[in-house]
Amino acid sequence: MSLREKLHEIIFEADTPAGKAFDIILLLAILLSVGVVMLESVDDINKRYEHAFDVLEWSFTILFTLEYILRILIINKPLKYIFSFYGIIDLLSILPTYMGIFVKGTSSLMIVRSLRLLRVFRVLKLTRYLGEGNQLWVALLQSRRKILVFLFVVLTASMIMGTLMFMIEGPEHGFTSIPRSIYWAIVTLTTVGYGDISPSTAIGQFFASVIMVLGYGIIAVPTGIVTAELVNNPPTSNTQVCRNCAEDQHVDGATYCHSCGHLL
Amino acid sequence: MSLREKLHEIIFEADTPAGKAFDIILLLAILLSVGVVMLESVDDINKRYEHAFDVLEWSFTILFTLEYILRILIINKPLKYIFSFYGIIDLLSILPTYMGIFVKGTSSLMIVRSLRLLRVFRVLKLTRYLGEGNQLWVALLQSRRKILVFLFVVLTASMIMGTLMFMIEGPEHGFTSIPRSIYWAIVTLTTVGYGDISPSTAIGQFFASVIMVLGYGIIAVPTGIVTAELVNNPPTSNTQVCRNCAEDQHVDGATYCHSCGHLL
Amino acid sequence: MSLREKLHEIIFEADTPAGKAFDIILLLAILLSVGVVMLESVDDINKRYEHAFDVLEWSFTILFTLEYILRILIINKPLKYIFSFYGIIDLLSILPTYMGIFVKGTSSLMIVRSLRLLRVFRVLKLTRYLGEGNQLWVALLQSRRKILVFLFVVLTASMIMGTLMFMIEGPEHGFTSIPRSIYWAIVTLTTVGYGDISPSTAIGQFFASVIMVLGYGIIAVPTGIVTAELVNNPPTSNTQVCRNCAEDQHVDGATYCHSCGHLL
Amino acid sequence: MSLREKLHEIIFEADTPAGKAFDIILLLAILLSVGVVMLESVDDINKRYEHAFDVLEWSFTILFTLEYILRILIINKPLKYIFSFYGIIDLLSILPTYMGIFVKGTSSLMIVRSLRLLRVFRVLKLTRYLGEGNQLWVALLQSRRKILVFLFVVLTASMIMGTLMFMIEGPEHGFTSIPRSIYWAIVTLTTVGYGDISPSTAIGQFFASVIMVLGYGIIAVPTGIVTAELVNNPPTSNTQVCRNCAEDQHVDGATYCHSCGHLL
């Protein structure tokens, strides 16, 4: 196995001890860097540890830059990685820090600094490092049409309910426009119930009760559909990643990549 | 195939390319027209784009009028369509705009304009255009008796709990009448929890806790019943619509309409 | 079949046309009488229709009294019915109106009148009249041990979480005592979330987040257990009631009552 | 069977009448002692019954001390028990009362007294005494990886959503920092919805609606995964505890402890 193949195994897969160690270190670095971005947003903490945060941020930026360059060098089809979802996120999470050097003026700097918050999307990468995460992802993909139909039903119901409540309660009771009434309907149907808008007339409360009870009864069905699908077609998971095209949705026991035909 | 049969396939079914294209255009038109009605309800936006909204509304009204007339001409039993749920909605979504021409006086015009909000029910038509929507609908029909029993149990429990809380907390703590206390019980049992009414005495909070925990435990059962039914009797879906009577609940592989005997 | 046996079939069972008609009339009468009790609690409505409510109440009381006497006369073991749950409810729903005649003094009358609210428990009888209700009831009985364990886990978790939050947030942030903190924990764990008490310190919000996420993840398990039980052992329902002892939990196809051996 | 073996059966197992009686008495004592700690936290009640609470507390402390000593004497490997989770809880629930004698000064006494609140963890022991509790525990252990992935997904989603909402709504609408925005995202995604922080701009409400609906649709999947696992691999329960090492996760029909090889 060449050095490049070895590096591919370490960086892209999680089957060997070296690959696992690399993943765990990266996982910790991502969590820490996201933690720093978060703590920076708390005024009190930012003022006290501003210098330490600067040092930490440059360390993480350099580490992630090295990882980004390595990934491009090792993979066979670098362009596919660069323009993939994770490739763009990897780039977006290191660019703002470098941009901060060249940008002058407080307001421009503020905008560039706020761009660093996009780094939070890097935590999505962690999903890959959990074996069962793949299974969850496959289950989601498998049920995606049913979930879409469910979302569509919830949205349609919210639209109709929101419009009716706008007619019943009206602007004088907080339902100032149809979009705002639809927001209320979604808050109610998903059982979140902030209480920032709530019906105050007797007829509005009656109608809201009907919405809640009906929604509650109907909602058991999509849960049942997804569960029934999973009981009858249990999803499978696999952590192998093709070293040619980075495809990672292989079935168990696959010898060749189903996307490009390369040996796994 | 005659022109009429071809038009039937385009307008009423979604199996051919032309039928799919028609459905997608209609889908977009419905969503846009509903979007216009919604944005009109926001005061700021309505004042600025009043003229553009007028033009858009007339365009949609003429488009939907053409569709309505076509549907009546093509189907074999037009009266069945006209008095069906979708037929009435189709008519209600175009009538108010025409009525606006003949009606004089600001207050009358306001009432007619508000009738246009009923157009929101047109989005229900979209349910038909999702293949899996049928499956969800069949599952709902299949579980309707169980959902009804569940709704009945929730309502009965809410009645008893609301009455008891009215006796415990009383009008001085926001539980001003039994119907209002039942509204509170439904808000609590469905876990919406607005917080507009909440128990403030120690005994009321204890009783509310019992309600929440019990309700929470019992609610797992109907979800389980619906899921168990779906696991044992998975629902099937079919997008064919009879060109004679517009019946659309056919089983897979059906050759004749089970409602009127016409060839599918 | 003797008159008594016929009456038994009409009053206690729902298999014959006469039995169904009796059940529907009783169902409507119960719903109406509960509706009257509810509307009486709304001050505005009660003042306007006080006399009409009095007439309605006496009508319902006399009707329910007749039904109560008939039930005692027809059943073979009247004492078992009188001291059963439904027997006591039937009595409690007619007694207060009669007591109102003999009681003098406004305050005593108020107490007696409020007792009429217990009539709301009569709606529980409706559960019997829904065929699938039995199935739900059997499923609940079948899963009762698991639901109890679930309730126990929720209560234990609420106790521990409430106590910890009392230590973290303390009386100055609304967590004035451990019972009140437990009330908050239950409101949070059941996802009701009134917002009358909510954490305001950073550490309290962090801990509350942990509670919500953990609770949310763990709660999927009991739902799964109940569903798995129902998938593997689907419950059966049966509407036959023994004319000797009023036992109503018979299996399908049973010829003799499993409780007293009487022919069904 | 020696006295020691008999005592082991009484104290550690629940299969014999004596063992059951011991468990029930201990269960009641734990619930009562926790109840006393809770009532002490209510100012009004504590002032009135201070003396009675002192007497009760000493009684419970002495009872639990005896139980603790007996457990150490009877078990073959006492150190394993002492440093187990339940061993530490048992010690922590009796120590503070004894420490109260030696500690002088009001503020030190306050700290020691507040330590008694840790006794609430003893209620966790009750889980062992419910037969089905084991099954729930096994099911939880069996699904622990899936629940972890689910928790991870919820946390990742909350992080990203919280950061986006911090950028959209900003500090002027209550989203004062990223951690606080994440707290809001968790409150929303778990459908608790206190309403202490809620979006007030149009774009924030739109984005919050997307979060709620998406979260609602995706959440059906983990519930389905856990249920599917439980349907295909129903968990088993067993109440036997090894008298050598206190291991209590034995499969049904096991003759030797799978942890130390000792005869059960």
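Read from first to last, the chains carry the letters A, B, C and D; within each, the first residue is number 1.
Operating definition for what follows: contacts are C-beta pairs under 8 Å (C-beta built on N, C-alpha and C of every residue); 3 or more make two chains touch, one makes a residue touch a chain.
Quick caveat: nothing in here was measured; it's all calculated off a predicted structure.
Student: Which chains contact both chain A and chain B?
Tutor: Common neighbours, chain A/chain B: C, D.
Student: Under the over-half criterion for shared residue numbers, do copies chain B and chain C use the same patch or different patches to meet?
Tutor: different
Student: If you tally the C-beta contacts for B-D and for A-D, which one comes out higher?
Tutor: Top pair by contacting C-beta pairs is A-D.
Student: Whole-Å distance, chain B centre to chain D centre, using C-alpha means?
Tutor: For chain B versus chain D, the centre distance works out to 43 Å.
Student: Using mean C-alpha positions as chain centres, tell me how far chain A is from chain D in Å, no decimals.
Tutor: The separation of the two C-alpha centroids amounts to 31 Å.
Student: In chain A, which residues are in touch with two or more of the other chains?
Tutor: Touching at least two other chains: 150, 179, 182, 191-195, 222-223, 227, 231.
Student: With chains as vertices and touches as edges, which is it: line, ring, star, complete or other?
Tutor: Chain contacts: complete, every pair touches.
Student: Flag every residue of chain B that touches chain A in the complex, lowest number first.
Tutor: 34, 37-39, 41-43, 114, 117, 120-121, 123-124, 126-127, 130-133, 135-136, 139-140, 143, 147, 150-151, 154-155, 158, 179-180, 182-183, 186-187, 190-196, 222-223, 226-227, 229-231, 234
Student: Which positions of chain C touch chain D when the two form their complex?
Tutor: Listed in rising order, the residues of chain C that touch chain D are 145-146, 148-150, 152-153, 156, 159-160, 163, 166-167, 177-179, 182, 188, 191-195, 198, 200, 202, 205-206, 208-209, 212-218, 220-225, 227-228, 231-232.
Student: So in the complex, the part of chain D that touches chain B is made up of which residues?
Tutor: It comes out as residues 191-195, 227, 231.
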